[in-house]
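Two complexes come next, and they have one chain in common, subunit A, joined by subunit B in the first and subunit C in the second.
Right after this comes the complex of A and B.
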């Protein structure tokens, strides 16, 4: 491999790491919902893509600067998150994990189909910010839109960590995720915490969906299944319930994805990500930051 | 008429797929790998009849054995984890299988034709049924004989000690372990049986569609596989059959007159069904009520 190839490889890995911020946010969402409710919400990534679509809808009605598209996506994500809780979790007994799993699958299909129905299945362009900016660092160029996506992702993660570790709501959330019964006895309303977790993860997901759209430059309903799979993979590699783990794993998966794509081509790319995940499940089922005795 | 026969074929194959997930779900494990086993069965059976010129039944048997072996091999590492981790692990396995076949090319020259799987283009010309003069009705009868055999086998399994063991593990692993059940062995066996059944289903699927490609075996098919038993209820095998008829017959074909709206309703009705009947369409209570209806007085206590 000569120098030029090496530069290309490093470049594509760097792009991947920047895009990985999206995966990190989705991973955090899956982890938080699982942490609080011990339930899998398979409709999460679809809801995120749906929120990005909703923000496009808002932008087509209201003339506003492109920055606001992210705000709109965040708000839409929060609303959709609340709706997902209402429709997919509220009325289903918690002791029956299969039923909620199935209802979120139904929601995933429903959200996808609503998108297909309203857009006639045609991919839509998504506004990107700073796409004309390229920061030159030696032989490498960092794309402005990806840098923005990365910065936004980092800001979201910081806010989320502050929320979880510096506010009463965060304290309540962590209490419910550790001991639902004990936190109920302490006067914490688990239902309220559950709803708020769905809304907060929905906001995060909406931003992640908007980031995906901005980084790729378009939105398509075909995005939701791959994003679901990637988000779940990030959750597992990072360790279930570990937010720092999800962040690191998101960036790693983003970077490796592009590395595999560079060396092995796009058709084999995901195969190696799956194998990586399998390796993690066998050798480190507790994720990156698990203690050595993390296996149950 | 052919349309309805085709629909009955689809329902039959999907029932097999659902039954394969049913076995695994009985032990409380959610496996999204069934589409992967289904794909293995489809490709193996197709390659045996097309490339090696085997008759159908031995080809299906080998396909089922290979799928079962793959399931057993996957079961050991995957079943060390549970819950969400298992869902992810099995999704990853299913996707890995799909991507493997996406990149898998093995063709031979037969006259002017190239036969065999060809990467993204898929595997064309699995023409065993037309070449051997099977009519559509023959195929339907063959599929439903297999479905009946598998259902009878599972019914028998359910009512034997094995079924009790499977359900014990599904209800409470700790309790099952403490009465001396080797839960890993039980889970891996259930996974193997599930893989075996999915392999038969996949083999039949490959032959009646005559063309298979990687995209057919994605996450969507895997969610369908677990949707049948969950929607139908895990109290007995007929729930899965009922759900396959409900989804394939009613939601997909029956609502076709609604055009675009059908797909919207599809997801919505699944959500609704889970809200109204969280333990499945045919849950234990309904089964008991039906039994009382058809055989009053004969109901065993605790059934």
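Right after this comes the complex of A and C.
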């Protein structure tokens, strides 16, 4: 490997880590819902992409600045999150894990098809902030739009952590997550906490969808499936229910994805990511921050 | 009582007269079934094909319809079924069509569907040992090279990408002799993109261009920075991208970010569409793509207008569907197809024989040749993205 290769390798990993902020946000959404309800919401990434699409409606109505599109994506994400709870969880027997799992698979396909039928599957241009900015650091160049995506992702994560650990709602959420029956006895409305969890994760998902659209510069229904897979991988590697784990895992997966792409090519890239997933499932099933005694 | 009898008599007479009268007046219809992707990310192809078939049927019906074997006139109706760009569903859809009195089907969208679907058809006509489906299918979109060879019941009206890229590369060599090197980019997991990149690369090497390397990505990839960095390092004169609009735009945007500015850009046929312009008109500026459709003749202009009226967009794929309807009309008339439930088997044989016998058909850009292996030799031209629209750059065969 010559110097140029090394520079390119480092640059690829840096780009991947920055883009990994979107994976981290998706991972947080998956993990938060799992933490509170002990259910996997497979429609989460599709809903995030749906929210990003919905935010484009703002652009079609008014010539809004890109920032407003991000805000619209967050709002749309919250609304879709609430709807997902209503359709996929509220009336489904929660005691049956397969029922909610299948209802979210159905919702994933439903949201995807709604997007496809609304847009005919045509990829749409998505606005990006600071897309023409490149920050030169020696031989490396950091993309302004990815830096923004990364910074936004970090801000969202910080806000989410503050919400969870510094507010009454966060306290209630953590209580329901740890002891739902005891929370109920303490007067906490688990339904309210569940709905709010879906709305909040929806907002985060909407921002993640918008960040993805901004980072690629495009939106396509094609994004739902890979983002679902990446979000789940991040959730498992980070540890189901662990927000710090999801953040770190998202950045790691983003960086490794580009590293494998650089060293092994596109045909092997996903193979190694999957091997990483299996390695975690076997050797560290509780995720990055789990105690090593987590395995039988 | 007498009045009642009289009224009944009038009613009875009226009904006796009206029955055969209405039967005679009832117009005969011939339903042509199309199939392709109408859901999933390639839904737009199905929408366009359906609109093109309906637009062509409307044009034919306005001029009197189609003359059947017994001399009666019939109007075309069009039905379009969704195969979701999935091979199993494509086969299921065609088996369903073949179980009706349809004598031909038009489709599919995706090459992977066509490849599997043509495989269930009888290979050689008249081979009693082959129990394959004996049902003629003519493809409008599935573009991977050489697919009609699979069965004698399979036909295509798609352009030859081999010929188009051979001609384009030769033209580039002639017009831009200073361009010596090429770098490729390919959407590796899409049959059409992958096959066409093989054609682009082969033609470039054959024409004396040095291919410096190839970047690969997948249809639903979200980052292209590593691939484009390789492209940047190669610093080739020409960059050829064999990918569909979503990743073509993703790569073009990444190229713009990294400042990759080749002297010439070549794209995949399927990307010469409105989707590319909707996604990345600015970054696609200047990309050259060979295509078998552009509204440059009166017929093509009319077709584009009509297809738009039916909610679609005319491009090289849907224009093929439009042309197919006129081909079917000609074959029905020349082969004296009856289009009756009791003549289905004979009609299918006649349709196959009629399509196989074609040496030339009328296309929207001019005459379309037919090869012995049931493929089309279509006229084509080169378009380039300019000021947010596709404009004709050069017309090699018009």
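Quick note on the criterion: the second predicted complex is superposed on the first by the 295 of 296 C-alpha atoms of A that agree within 3 Å, B and C clash if a C-alpha of one lies under 4 Å from a C-alpha of the other, contacts with A are read in each partner's own complex, and residues count from 1 in each chain.
One rule holds in what follows: a residue touches a chain if its C-beta (ideal position, glycine included) is under 8 Å from a C-beta of that chain, and two chains touch if they have at least 3 such contacts.
Just so it is clear, the model here is predicted, and its values are computed rather than measured.
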Contacts of A:85 with subunit B and subunit C, given as first, second, both or neither: neither
Partner chain(s) touched by A:198 [first = subunit B, second = subunit C, both, neither]: neither
Partner chain(s) touched by A:268 [first = subunit B, second = subunit C, both, neither]: first
First, second, both or neither for A:103, with subunit B first and subunit C second: first
Contacts of A:225 with subunit B and subunit C, given as first, second, both or neither: both
A:44 touches, of subunit B and subunit C: first, second, both or neither? neither
Subunit B versus subunit C as contact partner of A:53, first or second or both or neither: neither
Which superposed partner A:12 touches (first subunit B, second subunit C, both, neither): second
First (subunit B), second (subunit C), both or neither touched by A:70: neither
Residues of subunit A touched, compared between subunit B and subunit C (which is higher): B
On subunit A, positions contacted by subunit B and by subunit C: 113, 116-117, 225, 267
Complex interface listing, subunit C residues touching subunit A: 39-44, 47, 188, 216-223, 225-227, 229-230, 233, 245-246, 249-250, 253, 257-258, 274-275, 278-280
Partner subunit C, residues of subunit A touching it in the complex: 4, 8, 11-12, 15-16, 19, 113, 116-117, 120-125, 131, 134, 141, 143, 145, 212, 215-218, 220-223, 225-227, 257-258, 261-262, 265-267
Footprint of subunit A on subunit B - complex, ascending: 25, 30, 77-78, 80-81, 83-85, 87-89, 91-93, 95-96, 99-100, 102-103, 119-120, 218-220, 223, 226-227, 230-231, 234, 260-261, 263-264, 266-271, 273-275, 278-279
Interfacial residue positions of subunit A with respect to subunit B in the complex: 30, 34, 38, 40, 42, 87-88, 91-93, 96-103, 105-114, 116-117, 225, 228-229, 232-233, 235-236, 240, 267-268, 270-271, 274-275, 277-278, 281-282, 285, 295
